[in-house]
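You will see chain A twice below: alongside chain B first, and alongside chain C after that.
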Partner chain A sequence: MSSPSDPLTSSSPIRSLPFLAAVAAVLMGLAIVLALVVAPEDADQGLSQRIFYIHVPIALTSYFCFGLGAWKALLLLWREDSRYDLESYVAIHQGTIFGALTLITGSIWAKASWGVWWTWSSNQLVLFLVLFLFYCAYFMLRFSLEDGPRRARSSAVYALFGIVLVPISFLAIRLAEDFIHPTVFTREGPQMTGTMFTAFCVSWTAVTFLAYVLYRVELAGKRLDADLRELREALAS
Partner chain B sequence: MSYLADVAALTRKDLRVELRARDTLPAMLLFVLSTLVVFHFALPTGTADDAAYGLLWVAIVFTALLGLARAWVPEQEHGVLDGLVLAPCDRSAIWLGKTLATLVFLLAAQVVALPAFVLFFAPLDATALAGVLLANLGICAVGSLMAAMAAAGRARELLLPLLLLPLVIPLVVGGVGAAISPEGERYLLFLGLYDGVFAVLSWASFEYVVTE
Partner chain C sequence: MSGGEYLALAYGVVFVVVLAYVAIIAAKLARLQRETTEILELARSREAPPRSAEPVVQKISPTA
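Showing the complex of A and B:
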């Protein structure tokens, strides 16, 4: 983290944020047009299948954020550099937000295609619920500990447990339940027409980029907060 | 060899503290028996045995939580943990000692609880018992690390169940599967995998959780 004496180094990446946000907005707009208008209607599921272009990219982005959070946590434990603490926390925060969105969009899709808001036989939804509970506990842990290196390391250890919990929980849920979630990707490759696949790829890029911009904005905000606090303390003493 | 001696000494310390103070084990025993009695009234008559196996796992997990919530209290109250961290031994030995001591408490509670379960509800076969033993390892290994993390926080008793419950869901799946599935061995294999992965992770990360 930069010292309070050189605020410019911490604020200069902020200047690129409006541009990045604009790119994210354009990409999201393009993705929505492709998903709702351009992509052909699914022969089997009809209109409701179009939520797939939003739901699946959000879910993948959420995994990506949790993975990023765990990676930064590993770097924190390895290099003992406190800036990774904030990066890991912000990544997991974004992952949890996107995880909540996954649960909501998944629930809507379940209602449209199976007629119920929640089904325990959908493995991916159950896995997301477990992960969502796990990462909510991450925030409880973080807010219950005193700020300092011990909190940073405890949070990092918990974040690492989370990324190991993903495959273990997936296996557990597979063992526990039948597999009835509609599988769009199989080992033979995507079962989609060219336009559908393009729309999916654009949506995925757009959502990932949006998550990246949100990550940068939150990180910049949190760093400014910390710098400001340090400056205030320096002025007061 | 000295590592094992350290672990043995730490485990003995916990067992001796428990023998003298009798804080944890009687509470765990009474809790698990009361829970089983509550379950008798919670289950409508004529419910299949499968439901009872599920409730057994609820009882086991909550009994373990009760023991784990007390696990680091003596260390916290008297500043023992600082001394242990400063002692010239590998810090993971502290975790392993605590895990083994908690495992002994949990096994002792189950020595009473499992026969009571068989008496009140349904029989347990060898696969189900193996499932209980394997899941005990996982609960104690992960639980003693999470309890050490929670003990440093402001709301330690509240925090531990929140931290631990999402992590033990796979153990409940494995344990219930071993009890009710005709292919119980698959679930035992899964429990073994869980134990191995999370024990190594807890063992490797304990040091980071207790040092300032």
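Showing the complex of A and C:
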């Protein structure tokens, strides 16, 4: 019988990673060509509008990663299986990286469109920053506790609390009174041409797939690390 | 800065961050590879004494 902590079996999914990484690279290449070459230029913003094809997919992927982290945290509390702790941690780590990229690319786009790097008057920006800082504090909590079930449970509860901020951040633009941040997806559908929408969908798929591959790679590395530590301890005793 | 330069900056930042992330993961994997080699050597050194202490009789084939 194999178990998640079995050193010989837990790293076996690594075999599919080169193929997944190649698919991610092809998808990213396709997305860049569609976003920078094929998609028509925006009449209002010009070239800087093309930042949309990388900024929005990255933001949506960070929401997805935080959601995945919360889901794994729920599974940990529900089933009390320790492997979900590492999966939740890696997902939140990915979400934080993509969250940082969302803030950076958004800031660049803001400078190009609005003339400022940041504005505190936009609820969408501030709420996303709050969400990002909340998950940054997750790591402070996690690494302030000793490794073990207590740390796993505390981290899981924190990750679950954080997920409440995701729909608020996502819907903030519709709830906000200011209209600085553009609204592309409305109840009438996407406010863009067919080619633009195709470029956006391919970019979103590519970024999500890239995040998935990075998640798998990091998770495999961390599991391998844990297995090796266990093996070293077993040999030393 | 022009719109094109902001565009290049945004895509460049994403590229650099992903590249840095992959480099960090690669460094971690290299460390894991070193540790695996160390553990393998430790395991081999542990296996060595019992093998040398094996009775000579056991190595002789029954048909000999």
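FYI, the second predicted complex is superposed on the first by the 219 of 237 C-alpha atoms of A that agree within 3 Å, B and C clash if a C-alpha of one lies under 4 Å from a C-alpha of the other, contacts with A are read in each partner's own complex, and residues count from 1 in each chain.
The criterion applied here is as follows: contacts are C-beta pairs under 8 Å (C-beta built on N, C-alpha and C of every residue); 3 or more make two chains touch, one makes a residue touch a chain.
Since we're looking at a predicted model, the values are computed, not measured.
*Asks:* After lining up the shared chain so the two structures overlap, which partner does A:46 touch, if you call chain B first and chain C second: first, second, both or neither?
*Replies:* Touch status of A:46: second partner only.
*Asks:* Figure out whether A:221 sits in contact with chain B (first) or chain C (second), or with both, or with neither.
*Replies:* After superposition on chain A, A:221 lies in contact with chain C alone.
*Asks:* In the overlaid three-chain picture, which partner chain does A:130 touch, first (chain B) or second (chain C), both, or neither?
*Replies:* Only chain B is touched by A:130; chain C is not.
*Asks:* Look at A:153 in the shared chain and tell me whether it touches chain B only, chain C only, both, or neither; answer first, second, both or neither.
*Replies:* first
*Asks:* Does chain B (first) or chain C (second) touch A:232, or do both, or does neither?
*Replies:* A:232: touches chain C, not chain B.
*Asks:* Contact-wise, after the overlay, does A:77 reach chain B, chain C, both or neither (first, second, both, neither)?
*Replies:* Once the two structures are laid over each other on A, A:77 reaches chain B alone.
*Asks:* So chain A touches chain B in one structure and chain C in the other; where do those two contact lists coincide?
*Replies:* none
*Asks:* Along chain B, where are the residues that touch chain A in the complex?
*Replies:* Result: residues 142, 145, 149-150, 152-156, 159, 162-163, 165-167, 169-170, 173-174, 177, 186-187, 190, 193-194, 197-198, 201, 205, 208-209, 211-212 of chain B touch chain A.
*Asks:* Note which residues of chain A are touching chain B in the complex, please.
*Replies:* 77, 130-131, 133-134, 136-137, 140-141, 144-145, 148-150, 153-154, 156-158, 160-161, 164-165, 168-169, 171-173, 175-176
*Asks:* What residues on chain A touch chain C, complex-wise?
*Replies:* Touch residues, chain A against chain C: 32, 36, 45-48, 50-51, 54-55, 58, 97, 100-101, 104-105, 108-109, 111-112, 210, 214, 217-218, 221, 224-225, 228, 231-232, 235.
*Asks:* Which of the residues in chain C end up touching chain A in this complex?
*Replies:* Against chain A, chain C makes touches at 1-4, 6-7, 9-11, 13-14, 17-18, 21-22, 25, 28-29, 32, 35-36, 39, 42-43, 46.
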